[in-house]
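There are two complexes below, and they share subunit A, which is joined by subunit B in the first and by subunit C in the second.
Entry: the complex of A and B
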């Protein structure tokens, strides 16, 4: 055969076409008895319906965890889970933590040293000693 | 012979809509089901959380709800009786269910979240999305599984991908076209699309699973042990059904005749692969009467009897499938369901957003065997001067790591240039670069008009005019 092809899989670019929110599920755990859960209980009563309405793509589950601190757990599409303990927080602070989980990607927190991440090679090309002005000794 | 009416082709797959029908009928329920709007879904979910809080305010003697699922179930029942938006299912109907019913599907949070995550239009009901998640191995009845949608969706996705590739890269050779088609809409890619959508897979199908999970009968992996023995599944003959008949319909298949590219275009599927015995996983293959013990005898018109194979009626009889097979069927089924409920424009948008947005490096998919020979045949065919390789620059000739930059010229025109560790390697790589630049020719963006943009009644008012697209003379014959 004169020409054969090498099979591969096209790589996804989330956001170039459709954007898929990476947070797919958030579990809210509260406690009726513990004082540290007062803010969480207030959040569940007053702010959660609006949060759920604004984020229809997140599956929300509320369940009691008696005798423990309140915690929010987010599950992500890459299979990882992030948990934030919201003990002794006000309802507004709990909302901020929920937003934080919603906007996270599920990846581990790491520092990016490079300014640009891309599949495509550089537009202007990498310098080569064989092209351009030749250095003559 | 009648003239082919392209403007009516694409839009004639759906029957004309009856505007007097206010509600939609689905295959499953015997009564009508309204389309649940997203607002209603939110109200239902909010109602459920509110009733949960009302339960909490009851006296201490009431039983504390241990799990949310129990609360949701009870609240759902209360909501049903009070709101009476969804009619109760007739308990006397005898059709057995192997997947969650439509009423359960409408209450599933996972399913509603999936619908919103993909930004699917509200015209696509939750019940259809739930049906798209049921693989034929979980429920073999074609009214209840995603097989019909998957067949339609596969054709649609393949059509849109092919027209994109052939209009943007008219000189792409057939083998690379097959590979590019697989890279965009092949089974492996669609399986990773399913994972990127956040759709989880059940351990085993049943009525009690969440309607938002992909339901299939999972194939036992070959490395696992067969129950009761010490041997592995792949070492036991006959445990797994044998695969496809080789040859795929070719007349000289039994002599292992070479499957060339032209014969793949005629006999094989859209990726150039042999069409296996099954159009979809779990489909019943026609076998000879002597092999198939469970055949049904059918009387023909002239009194002759022929035997038909019995179709599986329950998941106990179906063949197990792999997760990647079922994932690909699910994604195809979503495309097919979108076409049926919403229309051709929505399918094109779906394809553009989820398939074409993916990145594919076509220049890495070429595997040349004799690029110098192919390039000289190409120049002879096109009337160019014969290609000549010239050394542009070099360094380190006598060292351990020389670099030779070789350019292939046709007269004064540089066709391709590459660097190599030896003179020969540089020449061969340069010829390959020249061929790649020929094959990956793409017309300017203003000249490219894809057929589905201009055909059909949906595209009538858009203002896009058809321009004849570049059609290449053919591949290089060596």
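Entry: the complex of A and C
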């Protein structure tokens, strides 16, 4: 009998073959006048060039938002957006928040109740009340 | 009645064997007010008399009107006796100032009186200039400080300070009082051009600064131009000088962008020189030099305190972000706020949205209120 190929497609998983960064765009909003934007302004002047050079795949836009607190907004491949207000933060803290947005997936923040997460089926079968010797139908 | 009750209470309080411990000031004042030695209604006029006075005037008013009429008639008779109507009567007021009494022209009696049809040729009284002329009493006063304060750029300040300090030091060198720099200038003297060529150096004797000209003739001309017999510069001349400063070509050795040039390291500790400098700056620019600037020991200090500081740059205008546009191709820096319209334009959807809004006769930008298109009748 000739061999038959499996009628399945290989399951793709981000990072197994190739890795695609989920964050596609980060917007930095600052204010020229407000005091809460000092750290953000310092980040934009001194640390943003390095951040942009390390992440050439992320589109970065810098625009003022006068009279408002500074904000970093990240847009993701799944179409969602995440924003973090960085008011009254130092430049280093703003960097950490930018890194946080960069490494996020765009999914909503969820609390995992189960200890194990897997796409594979149960190996020994899911229990039902009809399992066991004493039950005869 | 309220008044009698208050009076009764007052009397009760006064006659009590044990008076209350405290009576407030308002109550005491009210009690005092209620005290009358006569009945109020007896002082008032009866109704008929009051009505008569209102319609026909009181006797006192009638007598006053009569006396005024008599005075007017007396005045007219005096005028007739005097004969010359043009010569006005001169009186002396309480403060000793003399004034002329205005002529009383009775149109019925004066044959040569012609009523004016328009006000063009009549004397205008009461304007600001009229009041000022009256107050000045013929004296022509030209102010020291110009009416308007002139604003100069930093380079213009440098040129101006150089010009002023050179003139002051030239006067000092010639043995004249530095304060003479505020005197008038001879017409067409053009000492502005001559002072540009002068050099300032710290003196070898250690007693301050000296000024030297390339040609001694220019120094003499600068001194001759400052003339005590010429009138002090009026506003017009100041305007022309400041116009010269504003339009002057900057000399590289005197004015420069950035920090103060080298010639400004001269000391101005001499009080007479500093006083003349401050006065001349006030006379030309109208700027009253503040105390912390006057206490400067060098011209550079004075300049740094007088000059206009650069406006702080916005983040988008800083060199770091300007460089970022070139160095990092994945970064976009925008100088203004990005609105939703800008975002739509980036995607290319705005054209469609705008067309549709116009087709539906809706506002493209501005109010979302449906009544915005309403027109006022």
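Just so we're on the same page, the second predicted complex is superposed on the first by the 109 of 137 C-alpha atoms of A that agree within 3 Å, B and C clash if a C-alpha of one lies under 4 Å from a C-alpha of the other, contacts with A are read in each partner's own complex, and residues count from 1 in each chain.
Following the convention adopted for this analysis, contacts are C-beta pairs under 8 Å (C-beta built on N, C-alpha and C of every residue); 3 or more make two chains touch, one makes a residue touch a chain.
Keep in mind the model is a prediction, meaning the values are calculated, not measured.
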Q | First (subunit B), second (subunit C), both or neither touched by A:16 | A | first
Q) Of the two partner chains, subunit B (first) and subunit C (second), which one does A:59 touch, if any: first, second, both, or neither? A) both
Q: Go through the superposed model and pick first if A:2 touches only subunit B, second if only subunit C, both, or neither.
A: first
Q. Any idea whether subunit B or subunit C touches more of subunit A?
A. B
Q.
With both complexes superposed on chain A, which partner does A:30 reach: first (subunit B), second (subunit C), both or neither?
A. second
Q: Answer with first, second, both or neither: which of subunit B and subunit C does A:109 touch in the superposed model?
A: neither
(Q) Output check: A:119 vs subunit B and subunit C. Expected answer is one of first, second, both, neither. What do you get? (A) first
Q: Look at A:46 in the shared chain and tell me whether it touches subunit B only, subunit C only, both, or neither; answer first, second, both or neither.
A: second
Q.
Taking the stated contact definition, name every residue in subunit A that is touched by subunit B in one complex and by subunit C in the other, in rising order.
A. 32, 44-45, 48-49, 52-53, 56-64
Q | subunit C residues within the subunit A interface of the complex | A | 314-316, 318, 320-321, 323-324, 327-338
Q. So in the complex, which bits of subunit B are touching subunit A?
A. 38, 41-42, 45-46, 49, 52-53, 56, 64-65, 67-68, 109-110, 112-114, 116-119, 173, 175-176, 178-180, 182-184, 186, 188-189, 192-193, 195-198, 212, 260-261, 352-361, 364-370, 374, 392-393, 395, 403, 405, 419, 475-476, 478
Q. Once bound in the complex, which stretches of subunit A touch subunit B?
A. 1-14, 16-18, 20-21, 24-25, 32, 44-45, 48-49, 52-53, 56-64, 77, 119-120, 129-130, 134
Q | For the subunit A and subunit C complex, residues of the former touching the latter | A | 30, 32, 41, 44-46, 48-49, 52-53, 55-66
